[in-house]
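Consider the two complexes below, in which chain A is the common component and chain B and chain C are the respective partners.
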Partner chain A sequence: MSLAELICPAGTPAALRTAVDAGADAVYCGFQDATNARNFPGLNFTPDELASSVAYAHEQGTKVLLALNTYPPAGKFDLWRQAADTGARLGVDAFIVADMGVADYIARIHPGIRLHLSVQAAASSPEAIRYYCENFGVKRVVLPRILTIPEIRQIRKEIPCEIETFIFGNHGLMIEGRCSLTNYLTGQSTNMDGVCSPASDVEYKRHEDGSMSSQLAGFTIDCFRSDEKAGYPTICKGRYRTAHRDDAYYAFEEPISLNLSRLLPELIDAGVHAFKIEGRQRSKSYVRGVVSAFRQAVDDIRAGRQANIADLVALTEGQKQTQGAFETKKWR
Partner chain B sequence: MSASPDTLNRATGLHLPGFARLSCLIAQPVLTRVVQRIAKRHPSMFARLGSHRTTDFLIDPVELPFALHLRPDPQALVLRAVPRHAAPRAGATIRGKFLLLLELIDSEEDGDAAFFSRDLEVTGDTEAVVRLRNALDDVDGSIAEETAEMFGPAGRAILARLRRAYPT
Partner chain C sequence: MAVSDMTKLTLGPIAYHWSAEARRDFYARIADEAPVDEVYLGEVICSKRAPFHEVDLPATIDRLERGGKTVILSTLAEVMLNRERKATADLAAMERPEIEINNAAGLYARGKRPHRIGPFLNAYNEATIAWMACQGATHVCLPTELPGPAIAAAAAAARDLGLGVEVQVFGRVSLAVSARCYHARAHARTKDNCQFICEHDADGMPLRTTDDRPILRVNGIQTQSESYVDLLPETARLVADGVSHVRLMPQAVDMVAVASAFRSVLDGSREPAEAEAALREACGGVSFSNGFYHGQAGYRRITAAAAS
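On to the complex of A and B.
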């Protein structure tokens, strides 16, 4: 049965309290290190902060999911082992994992704590998902953002675990957990260091005509006219010049955010158990606005009312939104 | 079409060095009090800054006659008003309308959204800016209101008037 749980991002303790107060059923967060895929400067939780945050969330009946969703490089597994042990000691309700070694460790050492399979594992077929369920006891899979609703409905029939889908935020369509674009330019890995376009390698330049260029590791990846909306400085959202085209163009994908507010009833009907809001790197203002809007929408749907979603386009990347592959594979 | 802040400053003489210096002199005692109070009430925010506690930030409210120089070093805290022409070399510069900057400090607005809309401009050391943003975002409550409270009813009235003057 679909409960339409709302899974909300928290990059700091204050953001976690904001998400809880705005009606999150669960919040997800990470430690201040490479064990999670939002290892950004000044973001995330110390063990002490996580302890008090878990207590705050549990007092309000909200679950805390700890993201350990990066891949330990050889010889560095201890960091992930320690993070799992600390999370278990602090009473988190589930671990979100991508790496099989991390999943195996938690399944053996902390068998009482739920395992969720991160989108970083890029498991999109029933066969792959069942493998994680059968071998590590995974209870929920976070599906990649490349599937249509009919495909999700079919997968649901063929797997023994819950499904979580993203409903708002970043619309990364690279094969998650496999993308090496950042690594190629900066030497830091999204998948092992938890940093996509590390801020230390990002530079914005303002030009005389009011345009702004964004650079990563010295490479210009986009240039926005003064009247254009901007996007994140990620290579996959960059605009490039090539010999066969006159103008620079978005070679991979354009700056745009996912917003499935209109598809929530169909997703619930397809058997989606939980809705995930992306954005641990975003502010309390974002968390408050987006979580409140989706809380209201989910409550309306549960009560049989028409969901009335607040306009969230101002919070989207490039101030554009899409239903992406969930609506059609021809979305682009 | 409304005039840009730069145009307004030129039209009103707010850009003149003499006016800017005078404005700085008036603002400075308030700024010193404000930053010391905030640091005392929210000491945990400095941990999120890491090594960027000693970075010089230039916060540039485009329609004010001066910019703000911030060095968030808890051992030697600096927040001072500086005329733009005499601003120190900054590690990072954050530029936008005054109320937007105030609302970003208070997490009433989202920094990424303001960046996407081009209302917020960031140059220099991006990591420093990200750390500062995350440090401020972890502060509970409103720094603007705390500041207004320091000056009693007059402070609250000024803040309310400021918010009314800037339609969001």
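On to the complex of A and C.
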């Protein structure tokens, strides 16, 4: 059986301590700049904060993974180089990377530190994963959220590194690292700036009939009746019109969360080494609740006990949830 | 005055599911009439479509080469299923023509033998381009969302390493790819049971916002911009900054007229304003954009006066 490590989000130093206390095997975090894919206002770490957070985590036996998982545009590579050097100096346990230039730099300059391949690299075949393992010494791949469990089981047999999968949180459905939707509407890039549907460009507009539009940079992403709860305008979760349909529809995906708790035993059996909980932008109480519940479930499964999956399913109560691509390829 | 007699005008791979007959007619006309130097062929978006036009590939290559065009085969952007892995490995095994690789699975299969780097491989910066060059890359097509200063820095680095540098200057932009088919979804089907519904949208399926503003186009697993990128006014700058190849993406418009407009700016036979007017006429009412180049929202159209 795999170790089934629990990899937990740490958007702030306080959230990091919360995740460590709740039983995370590892936490992942980033600096307060474009070097990571959650470059949101009020999130992330200064080098000093990371130093004390690494010390706290290591005292409890928890690893710290530093996300350097954006794509530096030419002319700005130094920012990523400095972030890697700072992370190495502060003693992080691994770097999570996507860009080949960043991977090559760390592999050459900091060969003693583990490299994890970010979901942003979109490596979804054994060959693509082996490319990064053989060239940069990648020790773990975070798989895109597009594979079924039988496909994950097959990949596991064909690659020389560990597998990490998302199990809970935001359900991204575009292939990560290949999405410029936000940049098209707002001028801020997911790949280069670490920004996705930024709050600074969000507006809600109430109409005379009581309906409410959610807008991003002036584009209406969805429109809600007065009896519907207005959601956040994420481009790939919006409703749009097309010629052959009478009503606006969720052209890509509904506003829905990923929750694979029912599939945990199968994923462990398929050889997944680590489970990632999404949500660096979430509150401390959210992190505490989700991490504690998954900690209990993973411990139960590893000890051969029946896990209380109902508790995990209840975490997304009141919201729509999905097992996404993992359960069946009909999702595609 | 000629911008450059050296700059190559290229035609990217067809992103849409045009019928075999439409493709044959299209490439026959390109071979005979379009002033492009290089043509990329092959299915980049959906592996299910490939069998429809693979049979014609040798004849198309031959036709284009006899027309004086250099042909390059492009590999799939998304490689996950066994048939996609095999298609990628098969292309990577070919000696000629040249290949353009769009997924790391293709890089793995190709090893250090010469290849071009496609726009889906995220060659954003000098370090990545240097890495790719030492692995056998001879040419790199930059990501479409790169702003002008980054293009200039990337092009300088690539030229120093002896690589060709390509930028898309015309056509809809690929904004996202997915494992899910949004064409099938729009018709309440799944990808495995799509019945090739995408063949009815030769220029992508338009999406509008709920208040009827055109926003995106669906092309199978790909999401594209509603607007066509048009960097004709920026072409002289791109060439001055070291870009060696400018790419036109095939749209359902008169691509010979489009190619002629760009060619006339490169060889100086028409004033940019005149060429721009011809381009507009060829494209009907489609909106043009160049926001990415100017570091702004991609859909925007920045005029030269506003940019300077």
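The rule is simple: the second predicted complex is superposed on the first by the 307 of 332 C-alpha atoms of A that agree within 3 Å, B and C clash if a C-alpha of one lies under 4 Å from a C-alpha of the other, contacts with A are read in each partner's own complex, and residues count from 1 in each chain.
The rule we apply is simple: contacts are C-beta pairs under 8 Å (C-beta built on N, C-alpha and C of every residue); 3 or more make two chains touch, one makes a residue touch a chain.
Since we're looking at a predicted model, the values are computed, not measured.
Visitor: Let me test your reading of the model: by the given contact rule, A:Cys223 touches which partner, first (chain B), second (chain C), both or neither?
Guide: second
Visitor: May I ask you to decide whether A:Ser53 touches chain B, chain C, both, or neither, giving the answer as first, second, both or neither?
Guide: The answer is neither, since A:Ser53 touches no partner chain.
Visitor: Is A:Met212 touching anything from chain B or chain C once the two structures are fitted on A? First, second, both or neither.
Guide: Touch partner of A:Met212: chain B, not chain C.
Visitor: Residues of chain A touched by chain B versus by chain C: which partner has the larger set?
Guide: Between chain B and chain C, the winner on chain A residue contacts is C.
Visitor: Return first, second, both or neither, reflecting whether A:Ser283 touches chain B, chain C, both chains, or no partner chain.
Guide: In the superposition, A:Ser283 touches chain B alone.
Visitor: Should A:Gln321 be classified as contacting the first partner (chain B), the second (chain C), both, or neither?
Guide: neither
Visitor: After the superposition on A, what does A:Gly11 contact: first (chain B), second (chain C), both or neither?
Guide: first
Visitor: Thinking of the overlay built on chain A, is A:Gly231 touched by chain B (first), by chain C (second), by both, or by neither?
Guide: first
Visitor: Both chain B and chain C contact which residues of chain A?
Guide: Looking at chain A, the two contact sets are disjoint.
Visitor: Under the definition above, what is the set of chain C residues touching chain A in their complex?
Guide: Listed in rising order, the residues are 77-80, 84-85, 88-89, 103-105, 107-109, 120, 122, 124-132, 135, 143-147, 149-154, 157, 173-182, 185-187, 190-192, 205-213, 215-216, 218, 223, 225, 291-292, 295-300.
Visitor: Report the residues of chain A in contact with chain B in the complex, numbered from low to high.
Guide: 11-15, 17, 40-43, 198-200, 202-206, 212, 224, 226, 228-232, 255, 281-286, 289, 314-319
Visitor: Mind pulling up the chain B residues that touch chain A in the complex?
Guide: 48-50, 104, 107-113, 115-118, 121-124, 126-127, 129-135, 137-140
Visitor: What residues on chain A touch chain C, complex-wise?
Guide: It comes out as residues 71-77, 98-102, 104-105, 121-128, 130-132, 134-135, 144, 146-147, 151, 173-175, 177-181, 183-187, 189, 191-192, 213, 217, 219-223, 236, 238-245, 248-249, 251-253, 325, 329-332.
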